[in-house]
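Let me begin by handing over the structure; questions about it come next.
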Amino acid sequence: MLEGGAALALLAGIARGAHAQSDVPRELERLVAANRILANEGVVDAFGHVSVRDPRNAQRFWLSRSRSPALVELDDLMEFSLDGAAIDARGRTPYGERMIHGAVYEMRSDVNAVVHNHAYSLLPFSITGKTLEPVVHVASVIGPKIPLWDIRTKFNQTDMLVRTMDQGRDLAATLGGNTCALMRGHGAVVATATLKQAVIAAIYLKVNAEIQLQAMSIGMPQGLSATEVMLSRDTQFSPLALDRAWEYFCARAGVEPI
Amino acid sequence: MLEGGAALALLAGIARGAHAQSDVPRELERLVAANRILANEGVVDAFGHVSVRDPRNAQRFWLSRSRSPALVELDDLMEFSLDGAAIDARGRTPYGERMIHGAVYEMRSDVNAVVHNHAYSLLPFSITGKTLEPVVHVASVIGPKIPLWDIRTKFNQTDMLVRTMDQGRDLAATLGGNTCALMRGHGAVVATATLKQAVIAAIYLKVNAEIQLQAMSIGMPQGLSATEVMLSRDTQFSPLALDRAWEYFCARAGVEPI
Amino acid sequence: MLEGGAALALLAGIARGAHAQSDVPRELERLVAANRILANEGVVDAFGHVSVRDPRNAQRFWLSRSRSPALVELDDLMEFSLDGAAIDARGRTPYGERMIHGAVYEMRSDVNAVVHNHAYSLLPFSITGKTLEPVVHVASVIGPKIPLWDIRTKFNQTDMLVRTMDQGRDLAATLGGNTCALMRGHGAVVATATLKQAVIAAIYLKVNAEIQLQAMSIGMPQGLSATEVMLSRDTQFSPLALDRAWEYFCARAGVEPI
Amino acid sequence: MLEGGAALALLAGIARGAHAQSDVPRELERLVAANRILANEGVVDAFGHVSVRDPRNAQRFWLSRSRSPALVELDDLMEFSLDGAAIDARGRTPYGERMIHGAVYEMRSDVNAVVHNHAYSLLPFSITGKTLEPVVHVASVIGPKIPLWDIRTKFNQTDMLVRTMDQGRDLAATLGGNTCALMRGHGAVVATATLKQAVIAAIYLKVNAEIQLQAMSIGMPQGLSATEVMLSRDTQFSPLALDRAWEYFCARAGVEPI
């Protein structure tokens, strides 16, 4: 899958770097797969994006150029410093909201993958003030608490996009140590230790929202306890469950389970 | 894609015309794409239609013959004057509701593309009197206010269709300067400056309705402020967002992103 | 498409008959198409069936052997007298509920096609006592009134199936002169003058139920007036609308629009 | 379909066994089909599993290795004793929750097939305490009563998985003589006399939940009477209905209807 300009840029970067680098090409191919999977599962539509921190350099991350995730190819991947500056743009236009990713990586050294998305089932929670929380064990991966960020609180009337590092840092501060945060009238951010985890957490964040919406239409749902969430999350992120899910979602999206 | 009778008619028209015309063939191919996209996204089913104002002649517009949008081909496109009279029917049967398009173009010189559709998620709003409003930023393209038109108010008991210019003008008057209007027990009309905008606005009108329906089942949704809608709309209709969405929806529908 | 035993049986029947018969083969091919369309649109799943009255003999109707509509082929079609007796079974097992069809044809000389189905969106109305009614113009084809039949009222505890002519006639009596009736905890019956009409009415019965369910979750839906329903129904069953819809649903199901 | 290591292991087992064995290969091919069908119908996603008791040896059952049902092949099938010990693992990793199956087979000699799944529509019932019950006749196969099991009652805070025979037996005790049980914040177990029945019951458990959820959003649904459920269940599990459904769901999943 490694071909064209991206591969050359990558190899040039590797040649310059002094860090361990053997898993960079694999991580970039996985990032393409992650884009396709999130599109295939309806987590993203025309909009939304997913990034991974550079395994060689914690001050950089990889993210597609401005393109719908369903269509992203290896050559679309661009590298950015944490402030959102492109390392080697080669004429490609970046996403306007890349600062979401940079600000989360800056604040959270434990995070190596970030998804920003607008899955439709999340949005009712973001505009009603109703709390989204894990109600089923497969969704324990979203963590016990999901804060809600409102750009208007600090930045007044805007076009709703996270366009500056100030805005990104404010969102990251609301996210805190959690895995997910909602953004009022906009979407969500998901931050995890690995790319596979980010994809699985983003998928089950959407699934949990669908289930919780239906449960709220018939009664008062009882979520998992915080202890159940933490215990179940360890299980769902163990290789037994995570690799099974990864193989499945890759197969559905028609990509190799790398 | 230009072949057969439509192309000949078009070329003949061009030969007769004195206006700038270079972008007409492209606009017609885009109109075929728009039909396919709206069908593929479930905005239209067997019924519904999309038109574009003739770039050469503001007193005319293009619209398919009476056929489901999923099946429309270049040769199905017919040209009409604003009163709904076919310029060169060649035996083709037009849609009964083409006056919706003509009346909107007549009243709104800023509008160059119109969609009429019955997306299922819109209809609950049209029959309950509940206000449909943009609740998420991607849907800011539908505009801050969506009026509801009831054919019965002025025309009493009918078969619900907009069959005359009088009826079309009454609907256009309710639409006013807005982007979208609902029609009681029937559907919606979407009017924008370009064909791409009309397609994207029609899609996210449906998406917004789905999200708002779910939000209303769990609480009281808080929409975007009017300022947020206007700022966000400018962003979503900028090339950065609009072209990304257009490429995506074209790819899903299997058409070239022209 | 006419081949094998069904064609032979049909030709033999034609040879014996004294009635006009030229449109029988076409009607049987259309019956296969109707099965595929109803399956493709989710009106039927593993269960449900559609029949057509024999154009040569008003005392007989055609219906598939016991098979899911998605899989029905020409050779599966069997002819029955109105009491549900097979004319030439050739070892094929009929549906247990064929008496629904026979009883409706017996009572309603204006009816030439019948659909029995369990579309999921209909069933909430059949078990809550809430009235299903046309709320949008494309669904005017279902008629202004949809009665609810409960097998238990006259036949006490049963397996819920319409297994006898007595049960079929009781259902037909509840149907009366309407186009559709619901069956408590079970499904619906749709009865129209032509096969195309039956397919379109069954599809938009399901669509109307989906829309009405969503409308009822946010407010009190206002249906069309009885006059609007009758006027709109004439329009939707006119060639302009009916043929457009038929071409569309055939194309979706991958069958020829005969 | 029989090839590779699984076939060899099976033949070796047959050579060792003294029981009737002619239908074992067929039952294993059917188990692969069952996996594919349940995935195709959305009963399982990345997670969930289905097993069948060994027709030769009531103390053993067959279940895939740890893999998503959509991807299961014949070579993934493993045999287990009722305590969940693998007979011939050959390096394959089993599901962590295989004790669900073993414990049900241990307690219920009438049960020969078990499905464990997390179909999304079931989960709202498992977290709200609202009773799931058969409301339509095609769903009578799920039985008149569906108890709810909560792992926390006896085992306190856990990762929600059924990991031990103690936990499996406690779940089986709650299941009792019923066909289905829900598991709080987790999913369901379905236990029937044959593999075909288990697949059909699991599918219509999901369908019934979808219908009941929608019914509860508009009113108070009236379920079938217990007598109606038992009478209808006999009908739906008769060859007339069961084989029709099996052929249909196999065709949808692209597997042979064995």
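Points worth noting:
The letters A, B, C and D name the chains in turn, as written, and every chain counts its residues from 1.
What we mean here is this: a contact is a pair of C-beta atoms (placed from the backbone, for glycine too) under 8 Å apart; a residue touches a chain by one contact, two chains touch by 3 or more.
Since the model is a prediction, treat every value here as computed from it, not as a measurement.
As a matter of contact connectivity, taking chain C out of the picture leaves the rest undivided, in one piece.
In the contact between chain A and chain B, the residue numbers used by both copies make up under half of all numbers at that interface.
Averaging C-alpha coordinates per chain and comparing to chain B, the farthest chain turns out to be D. When chain A is laid over chain D using CA atoms, the rotation angle comes to 90 degrees (nearest 5). Rounded to whole angstrom units, the spacing between the C-alpha centres of chain A and chain B is 34. For this pair, chain A with chain C, the centres built from the Cα atoms lie 48 Å apart.
Residue positions of chain D with contacts to 2 or more other chains are 217. The touch graph of the protein chains shown is a ring with every node of degree two. For chain B in complex with chain A, the touching residues are 135-138, 140, 207, 210-211, 214-215, 217-225, 227-228, 231-232, 234-235, 240-241, 244-245, 247-249, 251-252.
Residues 45-47, 66-68, 70-71, 93, 96, 118, 120-121, 123-130, 152, 157-161, 184-187, 213, 216-217 of chain C touch chain D in their complex.
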